[in-house]
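Consider the two complexes below, in which subunit A is the common component and subunit B and subunit C are the respective partners.
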Partner chain A sequence: MARRESNVVEAIVEIADLRKTYGGVEALAGLNLRVPRGAICGLLGRNGAGKTTALKALLGMVRPTSGTVKAHGLAADVPEQSLEIRRRTSFVSEDRDLYSSMSVAGIVGFAAGLYPRWRADLAAEYLRKLELPVERSVKHLSRGMRTKLAWLLALCAGAELVILDEPTAGLDPVATEELLQLLVARVARDGVTALLSTHQLADIEQVADHVAIIDHGRALLDAPLDDLRASHRRVQVVFAGEAPEIAFATRGVVSVRRAGRVLTVLVRADADGVAAEARARGAASVDVLPVTLKEIFIETVAEEKSNGLG
Partner chain B sequence: MILKPNPSLGVPIYLQLMEQVKHAIETGALKPGDQLPGIRPLAEELVINANTVAKAYRELEHEGAIELRHGAGAFVSAKAHGQKLADRVRSAQPLIASTVERLRAKGLSDEEIRRLFEAELAGYGKTGEQRG
Partner chain C sequence: MAWAKAWHDTRWRFAALFAVLVVLTCFFVLEWPQVQHLMATLDPAVAGRALGSGALDGNAYHALGEQIAAQRTFRGYIWYQWFDQNFASCVVLFAALLGSGSVLSTSGRGLLLSLSLPVSRGRWLEARAAIGFAQVLALALVPSLLIPLLAPAVGESYSVTEALVHGGLIFVLGSVFLAVAMLASAIVDDFGRAIVITAVVALGVGYAELLLPNGHGLFHALTGGAYFRAGTLPWTELVLGVALTGALIYGAAAHLARRDF
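This part shows the complex of A and B:
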């Protein structure tokens, strides 16, 4: 079938062979990443995988050891261009570094003066929707409220690219859904692009259309989420006796686990090929099952580890 | 009318949306000429990516189930033979009922039967399909 797919869409973020070494430790080891404009891109990785370093390099807050980082077609390591990147990008940092004695209304007014393309209409709407106490000083906000305020500031700054680092950590499910709804609406209505670094796989599964998995400073996967879901399968093979060790020749085998009579194979391309190979080795039963993003993530990262890379 | 998809099912959300729309057409809940919700309002209501909704609509159009009229929105196609599909589904029901009965008689639990059906459906049509 002819499919007009998103691989022709312009990239708003382009990272190529990015390396960053901190005192002999390689935080980024040749990272490649491409975020299509208008996407909600989920950046997944274990703690210390290099996600935050990559985001900071993008914002010019970290100087790369080598490689290129571009956003909006501008180079992050050229000071004037980096300034322009920051003008067109908003950021919700992991530590929500808002500890002002200003009131909520005060900080919103301050931000309105700071950003030329501030969306006052949205800010008023979000203040109401998120039930933020406008008179209260920011340092007396609960963590959940501080997070909501950080989202409000990021979404109303008029930026084309919104970067969110662990943006729903510590939020209850209702607040998470509220904020994700605001994000989905901003992306749908105004063509904003979002780059979301998180451990909340459920959030990513719900709203992202593009996913990158980072481990040991490199991207192991960078693909549309639907492609990952459609191509990955778990093949569960049961043998009459002890399951044999099979060196699958089929392409795209991510991992093989053997336990007693059962062989569980995660495959990223040709599940039918794996099933056929298993049957040829005398499998008593073969089931092909869909997999969740969580399984894809865990197996992809675990496989990387067992290959001894990084 | 369109319910929230289950993101952690492992089945792409756009396929879940397509199934829902097709099911609504089959059961007659949606009739030829009926308008579907707009892409953006539906994305906001379900809190999912608008590109995902757009993809579901594109594929439904490709299959002839709906028509996308530029600027006007998405409509159930006149060719979407709702009634015929409903009949086909109804005629398949006794077949499923007898299969389920036979499996129960073999001592399989409903959960095991459901898993078998899901495995069969996930294996068929998905892995055989060419994808980029």
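This part shows the complex of A and C:
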């Protein structure tokens, strides 16, 4: 899939020190997040990390306990400004929450009447391309069809920001690819910004150019995906005998794992420094390898967990 | 478009309730010849014996006597049997049914879609309330106007003005309970619990009115007893009903605006 250059500085979403407490339970604990305009931003996190609450705060569905949430430069907790945010933002919810008593054509017509910049041309094109049965009632659509319809409504709203919560959950690989292609085309052609909250790391690796990882209601990482890939390295160190326990002095070590003769170090910054330290401790071989987003995610969240426990 | 959704969400419910009221109205009007025959054969001494046995106190006896006397005319029959009892109860119940259920979701679905659309929560409520009031108005007026239309079929006549006045009063009564149901729905969301809360409120109001002087209170006054007997309108209860409806809708909007979803 084509990747776009993203050197955009202006933020379409700005969340600062956002806190949300539900009956004593802190869903968001000082979340800071910045989504660059024109980017496809992946919002990653474990279940209960606070992703959906953050998206709901952005759309004015929940009121922040404290902190600020802005989209398009407008405050989401001010009702009039929240309305303007929603004019310029579309949303696909996790459970594809649509009006079950309407027909496909009915709900498309309904949405068209609400968004001032509705793209009727795209709606007609996507209805055909996604093979959606226009006369069928929404309640009689399969989950995959409902997902496609929810995507259609979001992509045709003429919105500058498209928010998708678990957008490919339950879809087969063909449908997933089809929808991701539509999203990338919209972003590339019309400068739309997309914010995807998902557990499907492969989807994010495929289409995103910016990634934020959140856990326990706080952002652990918020950076361009290329920067993350460039900065993170796995240093695989093999010793002649049992690998020693090494407390690396080099900055940016995310995790160290020992298994027999092998020491695996995930490092955020200076991989060469870690490699040099390992060689100094008598390593038989040292390999500096690229890492996947999945490794970055798992180790970042695990690091946060161990810090929290420690 | 919020209006379209409000209508879409309630149209079948409204159509069914409307049909029931139309059928009931026709039944009550066309039943008049049988009732007339029955009233002619009713022995007034029966009520007197009931009083003598201590089963009825003086007020109840007086009321019974008035009812029997009044129902010997078509106008009296229509007011006692229809406007004062069955029609008022039906409109209150049907208004509660129309007002119950979240204004944001359709049959429990689409809540997050509604909240993500460029429509304020106040606008969703406003649209649902407006459609609801229009539906209650139709439920109150159309069957009422059927009475003067059908009366010649049973050899009677009925004043259009009187039908409109009774329909209008019962519309205000129904509106109060539409608003109660909408406030309950703003708090609890689901249809069933909102209906139960509204029913409990209606029963509470009904029982509380037993403590008021005869003819006062929302149920007693807005069924139009004073208009039937003396041609006067219950202005106090009309103003109270309108004010209560406004306050309840305002409460529903305020609660909805504050809620997290």
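Just so we're on the same page, the second predicted complex is superposed on the first by the 299 of 310 C-alpha atoms of A that agree within 3 Å, B and C clash if a C-alpha of one lies under 4 Å from a C-alpha of the other, contacts with A are read in each partner's own complex, and residues count from 1 in each chain.
The rule is simple: contacts are C-beta pairs under 8 Å (C-beta built on N, C-alpha and C of every residue); 3 or more make two chains touch, one makes a residue touch a chain.
Since we're looking at a predicted model, the values are computed, not measured.
**Q** Evaluate whether subunit B and subunit C can sit on subunit A together after superposition, giving fit or clash.
**A** fit
**Q** For A:R63 in the superposed arrangement: first (subunit B), second (subunit C), both or neither?
**A** second
**Q** Determine, under the contact definition given at the top, whether A:R87 touches first (subunit B), second (subunit C), both, or neither.
**A** A:R87: touches subunit C, not subunit B.
**Q** Using the superposition on chain A described above, determine whether A:S100 touches subunit B (first), subunit C (second), both, or neither.
**A** Touch partner of A:S100: subunit C, not subunit B.
**Q** After superposition on the shared chain, which partner residues are touched by A:D209: those of subunit B (first), subunit C (second), both, or neither?
**A** In the superposed model, A:D209 contacts subunit B only, not subunit C.
**Q** Under the stated touch criterion, name the partner, subunit B or subunit C, that contacts more residues in subunit A.
**A** Of subunit B and subunit C, B contacts more residues of subunit A.
**Q** A:L289 contacts which: subunit B (first), subunit C (second), both, neither?
**A** After superposing on A, A:L289 lies in contact with subunit B but is clear of subunit C.
**Q** Looking at the overlay, does A:V162 come into contact with subunit B only (first), subunit C only (second), both, or neither?
**A** neither
**Q** So, does A:L180 touch the first partner subunit B, the second partner subunit C, both, or neither?
**A** The answer is first: A:L180 touches subunit B but not subunit C.
**Q** Report for A:D270: first if it touches subunit B alone, second if subunit C alone, otherwise both or neither.
**A** Touch partner of A:D270: subunit B, not subunit C.
**Q** With the two complexes overlaid on chain A, check the angle at subunit A between subunit B and subunit C, Cα centres, nearest 10°.
**A** Taking subunit A as the apex, subunit B and subunit C sit 150 degrees apart.
**Q** After superposing the two complexes on chain A, what is the shortest C-alpha distance between subunit B and subunit C, in Å?
**A** Closest C-alpha pair between subunit B and subunit C: 26 Å.
**Q** Going by the contact rule set out above, which residues of subunit A touch subunit C in the complex?
**A** These residues of subunit A touch subunit C: 22, 56, 59-63, 79, 83-84, 86-87, 89-91, 93, 95, 97-102, 110-111, 113-116, 139.
**Q** Mind pulling up the subunit C residues that touch subunit A in the complex?
**A** The contact residues of subunit C facing subunit A are 1, 4-5, 8-9, 106-107, 109-113, 115-120, 257-258, 260-261.
**Q** Which residues, counting only subunit A, touch subunit B once they are in their complex?
**A** So the residues of subunit A touching subunit B come out as 1, 3, 5-7, 38-40, 177, 180-181, 184-185, 187-189, 201-202, 205-209, 225-227, 229-231, 233, 270-272, 275, 287-295.
**Q** Touching subunit A in the complex: which residues of subunit B?
**A** Against subunit A, the touching part of subunit B is residues 7-14, 39-40, 43-44, 47-52, 55, 62, 118-119, 122-123, 126-132.
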